[in-house]
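What follows is a structure written as structure tokens; I'll ask about it next.
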Amino acid sequence: MLAAERTSVNVAVIGHSFMGKIHTQAWRTAPRFFDLGVEPQLSVVCGRDMKATESFAAEHGFGRAESDWRAVIDDPEIDIIDICAPGHLHATIAIAALNAGKHVLCEKPLANSLDEATQMAAAAAAARVSGVRSMVGYSYRRTPALAYAHQLIDEGRIGTIRHIRAEYLQDWIVDEDFPLVWRLERDKAGSGALGDIGAHIIDLAQYISGHRIAGLSALTETFVKSRPLPGSSSGLHATGGDGRGDVTVDDSAIVIARTDQGALATFEATRFAAGRKNAMRIEINGSRGSLAFDFEQLNELWFHDHTAPAAEAGFRRILVTEPEHPYAGAWWPAGHGLGYDHTFVHEIADFVRDIAAGRDPKPSFDDGLQVQRILDAVERSAASNAGWVTVQAEQ
Amino acid sequence: MLAAERTSVNVAVIGHSFMGKIHTQAWRTAPRFFDLGVEPQLSVVCGRDMKATESFAAEHGFGRAESDWRAVIDDPEIDIIDICAPGHLHATIAIAALNAGKHVLCEKPLANSLDEATQMAAAAAAARVSGVRSMVGYSYRRTPALAYAHQLIDEGRIGTIRHIRAEYLQDWIVDEDFPLVWRLERDKAGSGALGDIGAHIIDLAQYISGHRIAGLSALTETFVKSRPLPGSSSGLHATGGDGRGDVTVDDSAIVIARTDQGALATFEATRFAAGRKNAMRIEINGSRGSLAFDFEQLNELWFHDHTAPAAEAGFRRILVTEPEHPYAGAWWPAGHGLGYDHTFVHEIADFVRDIAAGRDPKPSFDDGLQVQRILDAVERSAASNAGWVTVQAEQ
Amino acid sequence: MLAAERTSVNVAVIGHSFMGKIHTQAWRTAPRFFDLGVEPQLSVVCGRDMKATESFAAEHGFGRAESDWRAVIDDPEIDIIDICAPGHLHATIAIAALNAGKHVLCEKPLANSLDEATQMAAAAAAARVSGVRSMVGYSYRRTPALAYAHQLIDEGRIGTIRHIRAEYLQDWIVDEDFPLVWRLERDKAGSGALGDIGAHIIDLAQYISGHRIAGLSALTETFVKSRPLPGSSSGLHATGGDGRGDVTVDDSAIVIARTDQGALATFEATRFAAGRKNAMRIEINGSRGSLAFDFEQLNELWFHDHTAPAAEAGFRRILVTEPEHPYAGAWWPAGHGLGYDHTFVHEIADFVRDIAAGRDPKPSFDDGLQVQRILDAVERSAASNAGWVTVQAEQ
Amino acid sequence: MLAAERTSVNVAVIGHSFMGKIHTQAWRTAPRFFDLGVEPQLSVVCGRDMKATESFAAEHGFGRAESDWRAVIDDPEIDIIDICAPGHLHATIAIAALNAGKHVLCEKPLANSLDEATQMAAAAAAARVSGVRSMVGYSYRRTPALAYAHQLIDEGRIGTIRHIRAEYLQDWIVDEDFPLVWRLERDKAGSGALGDIGAHIIDLAQYISGHRIAGLSALTETFVKSRPLPGSSSGLHATGGDGRGDVTVDDSAIVIARTDQGALATFEATRFAAGRKNAMRIEINGSRGSLAFDFEQLNELWFHDHTAPAAEAGFRRILVTEPEHPYAGAWWPAGHGLGYDHTFVHEIADFVRDIAAGRDPKPSFDDGLQVQRILDAVERSAASNAGWVTVQAEQ
């Protein structure tokens, strides 16, 4: 918890691969473009391989490297734990950190199972009483175009929502010889495309629309059942090593759903859409208008105003780079687009501002748990050959 | 049946609203741009309202107008019956025509129920023995871009298909006061978005991919339960009259499916996608490439060649207007796009050429029946809250 | 001239290659979709090669074929002469036809030289006195999207125009071995890309904007100086024969200009834009909005309303297929796009309706002459190494 | 000059508005993602208003603030001078810095006049002898898509270049009441759209194509002759204050040109293209292919391979985010796009690596001078009503 007089906060980043690196860049950049109230210090980075961690610490200007995350949590100097480790470690680290009074930012999905997520939300609730803050890293909410989509719907510009159509398409494992990286192993990743990218569109669809998924029917598939064991990997790229192993997660998931407010929704998450690199797409159709977005063109939001005269109506391409748009005013002039990493800067900025202001940040662990309930429902439906599963409403 | 020495064929068109009009334009145009072997004559047009039918006959150069379709079938001069009447009339007319030895082109969906479709396919099979031909009007197959998509997959350019993603989005009934036209009444239209536009993407997805849907789970919804009774209507436009009535068909249908060859498929058909006018979209992802199409840009096929080096790979926008492309060579120079109606010209051309050559045209009534089985499965699944329904394979 | 009691008009089409064929299709189709007041009859088609002409006449249902255009003009039964012959024949045929009291539709550009065009406009003016009508075939004006662009500007939606940016990009002669077809010979075609496609964007830019080009500076280039003599050709496709000849027209022309109302304009016409098939593009920027169009997506007009709040402004893609849009209501439901040939149907419909109503159709031969003045200015500027040439205002 | 044993370099940034801020972010970020050989230190930031400068220094972590750039140059601790001040200060500062043995990165355009640019290039040449490096900030060269465009042309994939078509469209002064910020004053900015954004497309067109502009004809225009004096401004946004003043620079410039290798080129730079925010577009057409780019979708390069079979050829949208693409491998997985500021990170990284390696960075002051010759030719041509101006080749 942050004392009122504090002007800086000490941050520990757990994990330093793809997510750890982009979080670090965000921690470094956020205070330069946003007024945070306090100045984050990159105090510790933590990783299993001490040599690699030390090298990362040096490259990125951390105060020190650690290989034991427990030591980090025990360090009284640390205020914030930023969990960028694989999903199977989320629950243990987050709960320990919250219990130790550290503010926690945890990458998504919140956990690898509904049980873990439930425990985490409980720990967050307990810690909240003492002013300890927690947040789950559904960073896409803070892409300016998607934050603006949320705002337009909130202002009633779309009217009654009829359809939500979301897909997250990647292609990095189309090649059958792409190796068995940790993201393809259930014990580490929890699930495959579902939890990795499907979780994003489920969170986003609900966040933007204000609807909650009430029930669903789903199929999942693992197209390539075994793969070469990995040699080295970084980000989503990897090279093969010796031997083979079983793929224990889904390659793809497709879902049809009803929302609590009467809309129909479809979701698809796949790593087998050849040619689609990071096509996180969402379209929402309502009685007064529609919105469409594709992350491959992340600075654009398409808006159809159905109240305009028919002759001049059409989807308009809004470049979400005006000072009036969420977050955009902190950056460059109109039309000078932002990238993937800026979204994380926004996330860190909001997280720190909320901590400094004594507010609970969003999305909360409860929000993360609610997504987890849907991921769980998807898996249960898929296991029963697309049987209908009602999603339990929050209490 | 067509005697070898015949140089012309006499055509009767049953129905003269949207489909009747565009078929007529196709009958008139096809022999000018394609070598058909025989010359079609616009002999009779048939409609319930004799005055309107006579006016249409005069405008479009038919030999005569009729108000009784049975009289048309009884006319020994007529060779071809082109059924453009609403769905609830398809079975009776088509079976009578086939039994009378007339070649039949029947608009899609083949029928309003699986029973009717089954009887129609049986009648077509019986008539086929005597050289009587039949075809169902899934005209989009002959959009050059989609015919070319089929060809590319047939040539193996997409490899093993993993995903089929099809949606047909319209918005002509988003307005809650849009009147209750015949397309919104179950007894005339059979179903709503499902049979009207969903049928197209189901046929297309199977045609292009060569896969068959093996089982599915579906939801349907009628967002607006009652509407004003109609005043006058034309095409998809209408004005309201007095009183109200219940909407008895689906406004939207969403489907997840597995194919017989192991792909996952999603389908969505809706008339509530504000701003989408005729967005019939299909994307297919395979191990060697992907294809994407949107009818709102009907002259374009997007092709991703996944075998190209990663640095230079990407979806390419092929303008399907080259002489090498299906049907395109009969028309204008490259880049001078075709419209919606050209697809019907291709359909008529192929139908007549097949008749002249003594071949069975495609899609056959059996193909139409197979789509009907899927429409039926969708309705059964939707009725059981998205329960899984296995689609019966053809015999 | 058309007597009031006439219910049909007899049409002679001179030329039956690309333009002759598409005009014929338009003559056939226009009366079916538009109320013309009179019914056009395809009386005569005329071509040099009698055998090919007879074959075309049979295929397209003309009353008869002719090889001598003078005989056609002398035929008292003929009411309308539709000139689809190469440019070097326009003046002689059109003047003879007008003098003989025939209504004339002449393909663009009006003539191969300013002199010829001036004589043609004079003949049209003289004939107009006796009610004889004339029109030049700048058909793109009647593409619904471009007619709607004209309307939006006319209604003041774009405000004070600052920029006109037009380009017409093709690529059919990029291959250095593409043969020397008539369009590459000055004595037949008058000029190259300039008159063939540049003329279109000059006419369109002025028509849509209401501005006139006041002065300009231009460059032209012939990248490939000699080519194989042609074997056979059709449309823009051809195969090579024996021998070689000099290309005597421009391959490309680029122009900067000022308009009479203070806007800046750029024009580019080229047949060397590899991958651009028929990219006739125009963008207009004004103080209150902007418009953009690309013929490769001919059913779309992009409109930016600069008076909208900045946060929600953007170019909107209008599908110009609503009943409210010019010409679109005569065809199919919204979103069911039109093709290149529909534009000619609109042209013929308006031409015949104007004749029937006793009105002078637009674009007139005077309009054609004004474009010719600009083409002439481009050639003179290019000949003087981009020297500034003032365009003479009409009298 | 950098001693071999140095592990860090001390950087002074002169100016801290739009360019100063983005350079600072790039200095901070470059060493974290690229191996630079040495570690840049943000030693000094310099600005006229000491209070604002100190505040910027604190916000961005500079060692100190200065208000006198001469003091910065006199500081023996400073290794690198990064000039982000307005154009009228470039020459004085750069020459003084070079003479003092500092490496210089100077924002573009190199200078406000050809004379100044010539002197700067001479100073750079003199300093180069002693190992002092200089670079001009045409940062767009290092947008991955444009660097890859350069590479494809360099590899011969486009063949003989026929057309270069470049435009840089903005709209931030469409409103006639937008105030008279320094970018609209000749004595500070040198020119208007021409030098600010036209310079970018001239540099890029030549860099990517390998062609040099040999001669040109141009028009410029100032649509709005006077504007309110500015209140406060930041980036390209400003609010009006009291009084009015004359706009002394061009609002727009349009150019036609020939290159030294026989291509035709067109350029347009404008701040009056309503709805275009930062549409820096370039298309290059050659005998073997074409390339197209629009900065509003900065992660995409469109490539048409004209050697592919006609039926499957088309512009392909390459997401330039693969590890194989220039600079992209240092960042995120494929499809996770970069923003405007990443380009500056690449610029700084290359600049520092070249300094560390003892190489002359590109674009050099000579390159900047060559662009200046073209800007000068544009202004001379425009002053003579689009008279042809030959561009002097470098010596």
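Just so it is clear, A, B, C and D label the chains in written order, and each chain counts residues from 1 on its own.
Note that a contact is a pair of C-beta atoms (placed from the backbone, for glycine too) under 8 Å apart; a residue touches a chain by one contact, two chains touch by 3 or more.
Just so you know, these numbers come straight off a predicted model, no measurement behind them.
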| item | value |
| --- | --- |
| Most widely separated chain from chain C, with each centre as the mean of CA atoms | A |
| Pair of chains joined by more contacts [C-beta pairs], A-C or A-D | A-D |
| Approximate Å spacing (C-alpha centroids) for the pair chain A, chain B | 42 |
| Where chain A and chain D are represented by their mean Cα positions, the distance between them in whole Å | 35 |
| CA centroid of chain A to CA centroid of chain C, Å | 54 |
| Residues of chain C whose C-beta touches two or more other chains | 276, 304, 313-315, 319 |
| Residues on chain A engaged by chain D in the complex (per definition of touch) | 18, 22, 24-25, 28-29, 31-33, 59-61, 170, 172, 235-237, 276-279, 295-300, 319, 321, 323, 331-342 |
| Interfacial residue positions of chain D with respect to chain C in the complex | 162-163, 165, 167, 169, 171, 174, 176, 215, 217-219, 221, 223, 251-252, 254-258, 262, 264-266, 268, 270, 272-276, 283, 285-290, 304, 306, 313-315, 385-388 |
| Footprint of chain D on chain B - complex, ascending | 148, 152, 303-304, 309-319, 322-325 |
